[in-house]
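Input: structures, listed below.
You will see two complexes here that share chain A, one where it goes with chain B and one where it goes with chain C.
After this line comes the complex of A and B, so read on.
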């Protein structure tokens, strides 16, 4: 192409075959410029008229090139603008005249044509694009073409509003169920995007969002009046998915987040409170009825809006707290502690399942559940005792026949409840008591289960918590060995006496019981003394005290008509019954004198022997329900039972009576004082000087694995330590305490 | 040089010594004489009987707070007794060597005690003075109430009245210790009464005051 224009220069330099840059201008005759332009103008017309096939690309390119080269770039450019504008105006009129549905189609069609044309025009004018356009700071051809289209078509007064209305109308129709031409829509929106994102936004997206917002505002208002919560959420979810799908099909991807937040705001955020609190179908109802699908939907929808999840969480928390509060203050239910704890476990299971199934195992919800449980479990100060009683029931009989895994599952669940307790030291005391009774009566379902529980407690609370419990197990084993040895060594001497089974309890490991000695029957006393001698012979320096309030005995009794039964009784009961070997009838006072059993225990003992149907081996006169000190007791010759072995005395763990409870409480408080003081001293020793609030906070933190200390008690302990000169008030600032070394 | 100067100084001090004893005995002569008027002849100490006589000479009541102030000035150790040393300390500080001078010194003494720094010392002294037994650390509530009225009655009348009312009505505390005693004085100084507006039980106030404030607020309604 260069060949012709360079012919002049070349002919001058034929001698030196060098290719050099031009040294002199080649002037183009203005008339030639005009002619060249006309060629190009004609070409543009032809292109717009779809007649491009007859054009010579090479010739046109050359023409344009020449014009630019000869400094006619301005003319070329302005000519281009004028020509394109003229064509676009014609196109505008054509589009405007289209009727109804054909409007968009026409527009789309013309747009496609325009792009094809523009492509060709740009190719032809490429040289201008590259050299003239940058230097004269004009818009490149392609962009120019788009801008002109925008200005003369899209923003043409008769088209702009109509276009927007048409598009929005189609969207509305689709929302109300019609099928629309999605492909066409896509092309149009793509066109707007190509024209510039501000065109897309101003001419379509903003009005689209506004209209959508008011559409959904209206629809949500309508739904919420007539739908229950679950149905409403389904509808909202459906709409949300629709919009997402709409965007993927015919809108720009960036619109997605804007439209979804509009839907979220209108359908969810604005109605959150009303939905959650809806009567009969709101969050609380869903929780109660385990509506996993509905809950799951609510979770994923509310997650999208600010404060959505915290709204659910807060309502759930206050519901749980209230429900829990009702549970733990229900006096009827509390009468059966095992039932009560089972109830708590069931509640926990239920809500765990909800959180894992419907709430995506969300940690914040798990925390809310935990804090609610912690709150209400501690509202009732019998919770530690109840949990221990539940375990007692399970370890005595509840877990009978259960596999190892089943046992672990139950124990782990109970440990969860244990962790919520603030007064873990109270639990420890009860657990010790109940364990002692289980061990001594031999009524434990599985040794492994017991030990597993101890391990769990140790892991949770440390060695100090469980060392005494472990000591109890050791004692049981040692006692077994001791008995074997005793009988091996002493069998000759013992002869026909009663068989003794002794459990030797190390004081300190076992819960202290006040020992009230009673008078044992002579034959028992003999063998007991033999054991004592034997034991102290092998263990010097120790002291043995018989715990007559904790033992049991098996007695063979013969009743009228020769009926024989084997009675399993407590030691006290045995002492009473043995008296009837030498008398048929005895008064209360005679029994009291002979046995020296303390009054309260004696009354209980006699009641169990004389007043319980099916176990009345003694007869009482008068036949009243209660034992009075004037009563007379007779051996009940007429006693019958279908069982050969009759169990009368059991040392079962019972819920404590009020005075026992008070005593336990007092012991707990007394035990806490030194623990608090030790914590205070530890803290002050390391910190030297500290203000009151910090001490209270630190002490609470240090003791939290055992109990929640009362700030008033802490203050009292501090003052006691001041009096005993472990601490003093700082002389300069009397709000501070100082450690005295 | 040193030696000679030493000798000189030692001799000088010897001279001063003898001179001072003379001066001292002269100085305390009148004071000692006054002491002997009230002291018990055998024990050479002023005992409770002697103090009673002293009070009538001074024309103040036996239970008057000024006697306590006098004891304070003397730094008297044991309640109801003044030793010669203590007598000398007190009267010398008061620049009194006769009954009339002592009488005149009393109003000055009262003024002195009411100065804040001196009062604090006097206030804590008053408590310690009541600890009659050897290892005693507390005084019984009844006595504490009396002492409070005596010592703080004029300065913080309303607080003392209410606090003693509370102390007498409760049964949890049977004695008061030094910490609580000092705490109450701080309370009177720092907390406006009867509004008690900036009292915060979370700060290091003794528990007995927390309980007092609670009682007071409850009874106001």
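After this line comes the complex of A and C, so read on.
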């Protein structure tokens, strides 16, 4: 059974045995490839004809797969190209035949159809896209579809120019106020972008930019002839915003910079100079009239173009400088330093506000403003004095009733001006003088405000700058304590003599001048001597000198008809008046001899006692405004006043007289010498060897926070130091100096 | 709603039911994505596909879970073919191995070479494929480790290879005297076709040259560097743009710095410099330098001239700049790692300044035997790799502690290795076999 079946199968096998030709591969029937392609070709037709619902995706996919698998990829691919091209040529004809306004609609419609078809064709041919396309360096189906669309539709000779003209015409119509179909525009530009950025650029963007540039070139020319600067800028801003809006609605985002820069160039950059200098409406007029909106618009528009902001800045700077120069050289205005400084402050406020509201607080504009102020404030060498006088005015009375914050604001503003000063040391001199007067006369309004000012100066210029000013405050406090102590200890001995209030001023801290003391009336002299004994008894090793030129006195006087008045006078005036206790009439010379008051002071003092209306407690013969040495003075029995207390000021100009000014200058120059020398020695000590120009530069740098040293003065100081053998000239190179240890 | 979401398939006669949500994982750019897209009348009661049901089952599981489990009865190659049909090959590749970590590597495959003998180099492709330079031929493997058409540049000795991208391989080869061939060229990895041949011009005259070590600048930088030797002492480093194919620069060798013979080039983006290392035994004295191509200067260099007297001295045999750009790691014949600080300035010219890590136990282990290969170094994501004899050591952390060793006893010592496409490829010297190591995908829990 077993053996039989075996032999049977063997015989069968032998019978069927046949040698076939060796095949490398099972080749598919060539007709099969043709047939399969026909199926796919038909499917592509159906897809283009919107008839895809009856197609089987699985079958089509499998067909394409089989073609690729059996090496008919080439046939499949070239068939696709041919079929698609044929369809696109038909589409081109249909788009071309569209009438007028329907052209874009048709193109858009066909583009949407093509995209949908392309997607479906790609679905069927996905396997080809994955395996055949990369290895045979073909273009993937989707890209192929776009390229064919570009070549056969967009670049078809009957469409290309018409499309471009239509698009540009629509933009132009929108610019002149028409409403266009933005959705359609969006679709068409999107199509151009989808076809590749170069298609969008070459077929639309470049001509669009050219047309826009010439449009705005013409329009800006027209505007500039008939508009003032403000309304021109408004129009330019509106055009710019329109273009930005246009890009956001239907152009490529990358076009924004290009079109805005075209508008900026045509409407702003090309007319910049003409705009800022426009008669009656240009930048200067805007600044004068505080036109914040216009200025702000100018700033934001000019910011967009090269050199735009510097154009504004330059014009503003030269305007500020000129205006400031006029201000500081206006001799009328300078007569009242308080008003003058107030004027500067107002000017500063005005432009600060412009910069903060219209110029976006631009640092470079702030710098320009600062440098302008620095420039013109220092044109006038009275500026330090004026600023100190302004402060004096504010701290004396101006701030009465002002809140702490308001005081701070005023002080801060003045500090701004102070910063601009080159001669800060001159300011210091004046400030010291004015502060001394305020302190000694008890006229300062608020101790807090005074101290706050000192702190500000200290922050600005350092400890050294204010140490003496602070010393003055300490002296005031110590004096108060000393007087309390003096009266506590000595009240028994003093009896009911005149009350003495002594302010002990440390030498050097105060702006005192060595003046000979006048002869005090004997009543006063007694008390003074007692105080001297007391003070020197408690503080050994000190020396007291009476500064009679700085004191004040309250005296009681009885005039005719028993009118009693309390007179507030200076020490000098008190000395003069006391003389009239024992005489009714005295000549100038007699007074001078008795008091030994310096002539200049005495004249002033007499002038204020005899020549000021309402305060004339003395009568002068002959009557005149000025005091001469031949005048005779009488006690004015007829003096009346509705006040019990009468303050008799000294006739003294708040501002310095010319000789005083000269003297102040000289003192300043004198004070600068040791500072310059100290700076030179400091520099040379660390550098050992340095040439002349470098020394001058370094010294200027070190001292510029206080003043601007004159190079000639520096040279003189160097020579003086060489004489005193701190430095020597290099033997080989005469321009070099060496430090001698 | 639930029933509308459901999709029925008849795959080669076997019924499957799944949901359109699961199928959405395939993506629109796949056959299944297109099948269910609304442009193709969807909502049919059942889709018939004339394919292998077992493979479909595996792929459906991949779409459902994101994990790939290949049953023992499904050959891997069959699954790949089916995945290609459905357009899911990238899904399969992504699920096959996980993100690279030197400490979790497992042997994924061992691919035998075609002939014994010295392989020159192995390089991993960005997609997980690789190529092996062997004599005058480069064998190319895709990520499924199927061999593609081999490449040769005029059948000259191949010196170095590298991937510009997964589909473009650049090859440097020796010049044959008297013929204008050799040099450097780009080939398609898929077809082995020559795409572009790079030229070198000296004084506007095109010249033939021998190209040696290669380096690519990086992702956004299209520059490609190679050491070059021309006939008329035209030695130096050539620079090309692989986008345009044009030569963009040439750094001529300075006296005393061997550039044309360099063993290793590496672009350091953080320093804007190219590291060039020319090593023993090509030269007696190791030279490592940083080249600034902008002003043609060498802002930093190091040499061991004068300190290595005989063969037993520690010699620098390979070098690699660390990823932070602060130091260069070197290795010697005793498998010691050393570090040269790049921030120390140009003070190392006397050959000092290598901070050798103490690995004395390895030093005493065995003297290097005759047949061994020279050690090589690589870095990846902060890990440092070195090969010595038949194993690869993995060092981790800022202190470079030895954390893993990869060893296979088959094939002899390792002559080259490379990391690419989240895989490590090691080429063995004797049998010309190469091992593929990768990290497993994330565990289930």
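One rule holds for everything that comes next: the second predicted complex is superposed on the first by the 711 of 741 C-alpha atoms of A that agree within 3 Å, B and C clash if a C-alpha of one lies under 4 Å from a C-alpha of the other, contacts with A are read in each partner's own complex, and residues count from 1 in each chain.
Quick note on the criterion: contacts are C-beta pairs under 8 Å (C-beta built on N, C-alpha and C of every residue); 3 or more make two chains touch, one makes a residue touch a chain.
Nothing here was measured: the structure is a model prediction, and the numbers come from that model.
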After aligning the two structures on chain A, examine chain B and chain C and state clash or fit.
fit
Applying the touch criterion given at the start, work out whether A:734 contacts chain B, chain C, both or neither, answering first, second, both or neither.
first
Please indicate which partner A:489 is in contact with in the superposed arrangement: first for chain B, second for chain C, both, or neither.
neither
After the superposition on A, what does A:647 contact: first (chain B), second (chain C), both or neither?
neither
What is the contact status of A:722 with respect to chain B (first) and chain C (second): first, second, both, or neither?
first
Going by the contact rule set out at the top, does A:134 touch chain B (first), chain C (second), both, or neither?
second
Between chain B (first) and chain C (second), which does A:65 come into contact with in this model arrangement: first, second, both, or neither?
second
First (chain B), second (chain C), both or neither touched by A:126:
second
Angle at the Cα centre of chain A, taken between the Cα centres of chain B and chain C once the superposition is applied, in steps of 10 degrees:
90
What is the minimum C-alpha distance, in Å, between chain B and chain C after the two complexes are superposed on chain A?
39
So in the complex, which bits of chain C are touching chain A?
29-31, 34-35, 37, 39-41, 47-50, 84-85, 87, 89, 167, 188, 190-191
Using the touch definition up top, name the residues of chain A that touch chain C in the complex.
52-53, 55, 57-58, 61-62, 65, 116, 119-120, 123, 126-127, 130-131, 134-135
Write out the stretch or stretches of chain B touching chain A in their complex.
137, 177, 179-180, 186, 202-204, 206-207, 210
Per the touch rule above, chain A residues touching chain B in the complex are 691-693, 696, 711-712, 715-716, 719, 722-723, 729, 734-737
